[in-house]
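Before anything else, here's the structure in question.
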């Protein structure tokens, strides 16, 4: 890593990356989740993209670029040793059949019950859903990575989703630029305050109720770089 | 056995107004660009298009949309072409939006001769409205009917002269399943090789699914889409 | 072909082979149907076996024998140029999805309505069904090849199946050592009397009612060799 | 990443009495002979076996039947072992007979996270008794639930060290679908190659489906089954 200070997005992605374990098969959503791959060093964490590739890696240089090798966000990617290609039905069979360990997704809202809304905005035409609903029902663990608030400064961690929910399946973890929440016994637990954030900021910008974990830690400032 | 190798125009003669077409590709990747280009030049209307997306504004299947040839579109991600929403608002086209996994699975089910299936995806969301929900072993599932088409336009990498196909990287996507789900399947390919040149173990789409083979003229390269 | 006179089984198989056209994809059942391949010269008729091979051919010699390449009857087979292998779900997707043009099947009974019973005998345990039911619903055309009578001399071409039926789908053609029947307008039509058989024999050994086709022919004796 | 390569006995430690096992193979072809052999030596009972057939009398899974370890068998062709019928008549085992296409499709559905599906196969036959029939677009279909298992024993040709698999000729049969439908999947293989030795396009079973790799000791050859 360079000496440059991470942006908020990068910080979130880096924290999410630290959740991944050896042999995990991981699907990354569009946006902040896509950045997670950058912070994974292990060659035994395997990235799956629903358009039909297991073993996605970051492009190491321009020469590796192949227009026929993209991720779900249609961005060019590389392939690691041991990668494989398959059709979309097989790819979603992997997802729905619970063969993907972790999905890291962005969201518009996440609520007290653990539901997320990340595919549609009320009042607008619903013109796209992509793989979000399938990932929600199928992945063993769902980590939501998002800014804590939207562009208007409103909390995205709401009492109850006002946007259409993506699934009735509850998510397991939320990572924002301010905090990390984990879902335990049907409740949100604040387990970490992110570096450069304060507990007060988390309180001020979180709409849903949560418990504060006994082991609450301020994340190591080293994460910033 | 050169019978299946045709010019694009000849292969597309099968297509008639009112038919349902499947078109492969995830964005430009794995889309049958030559066939789509030719399709926009046909005098056919009231088409139902089953494709993950409808190109971009004025590009690919987006041209067909502008031409007013599309009656209905079934897919999972039309957001890539803002004109789809506009056409829908004007009542010009009907839209059926499916989660991408459901979209893929329904096509596979159609090709496999099934009537429909039960998936957990979408249960109790906006996309399950009006659909049957059934509990199986204590879990709620949504009924989804199979999708089939009159004609499928797909993109493969290599074809042998019998019509056996292989694919290249993420260009595979919806193509192999669409090859199974239409009455007449036209495969656009980068290369036509002799029968026997593909190993029996590496063939992804066996020839019994393929009716016509067309050599690609418009191809996706590092420099974008070029005509060769 | 040799100068040897064909057995009844071979005669039936040879007649069935003559029904196959260029580019047909054909699935052969166990027993007499398996012999059909022997009488097909074309390299653009493609044999499908439901255990996962398109492009079955007869073993040309011992050196071609591979214990991992068998047909649905578990007999060793060869592979033609352009053959492909696939899993059982894909293989039956081909069958149910109507991608197989012709299935040639043996039977215990076939009745006036066109239904066949070829998988179970009443009073015995039903312990096997294999792919028969799938082929019946899926193949575009079903040709039944069978002896006209069973070992007790009773007609297998019955008024109504007394054995459990294989499917509610009606078959299209029956080829026996005595005759060829074709199904037209929901009725059986006798279209050919086989060489060395007589019309009277067909009448005597057929239990179901049938029409006699105007174009009824005695098949060329040349077929016998 | 040598973690998945295990001795047969070690890999089979996961299996417990009362579990549901899938076992690949069409007769001997594509059957995991080494794993089956080892399975007959385990002290586990009340197993439900999902396999196209139960070997032959006193051979393969037929040994397990004689040992009284099988509570229930789900498959399509038990005729190859006459002792299956005998055991059923004595009330020793329960049998669920499915058309072979339904058997395969139910396993695929299980692996794909579906609850069940509708097939035309078997409608209004002895095998549809007690099952739901539903009309979809004027055609009668039978509901069939998905099948899943605790452990799958499969046979592949080559594995790389991550567990990516390829198959050999008609030895493929039920193996790739069973690999998707069990919580723990043990693949017996002829050869283990370095990761990267299999092309990304030729891999049939991606490694995410495979938990353990065992090198074959009992193999099917021209001379029959031999121990190497």
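Couple of notes before you dig in:
As written, the chains take the letters A, B, C and D, and residue 1 is the first residue of each chain.
Just so it is clear, a contact is a pair of C-beta atoms (placed from the backbone, for glycine too) under 8 Å apart; a residue touches a chain by one contact, two chains touch by 3 or more.
Since we're looking at a predicted model, the values are computed, not measured.
Among the remaining chains, those touching chain B and also chain C are D. Centroids built from CA atoms put chain C at 57 Å from chain A.
The distance from the centre of chain B to the centre of chain D, each centre being the mean of the chain's C-alpha atoms, comes to 33 Å.
Centre to centre, using the average C-alpha position, chain A and chain B are separated by 30 Å.
Along chain D, residues 105, 108, 112-114, 119-120, 167-169, 200-201 each make contact with two or more other chains. Counting partners per residue, chain C has 79, 85-86, 89, 92-93, 95-96, 137-138 as the residues that reach two or more other chains.
Contacts between chains, counted with the stated touch criterion, involve the pairs A-B, A-D, B-C, B-D, C-D.
On the side of chain A, the complex with chain B involves touching residues 49-53, 65-70, 74, 79, 85-89, 91-93, 95-96, 120, 125-134, 136-138, 164-168. Considering their complex, residues 1, 3, 108, 110-114, 160-162, 164, 180-181, 195-196, 198, 200-201, 203, 206-209 of chain B touch chain C. Chain B meets chain A in the complex at residues 26-30, 52, 76-80, 84-85, 88-89, 95, 97-105, 107-108, 119-127, 140, 167-177, 204, 220-222.
Only residues 105, 109, 112-120, 134, 136-137, 139, 141, 145, 166-169, 200-202 of chain D touch chain B when the two sit together in their complex. Across the complex, chain C meets chain B through its residues 23, 25, 43-44, 46, 48, 54-55, 79, 81-86, 89, 92-100, 137-138.
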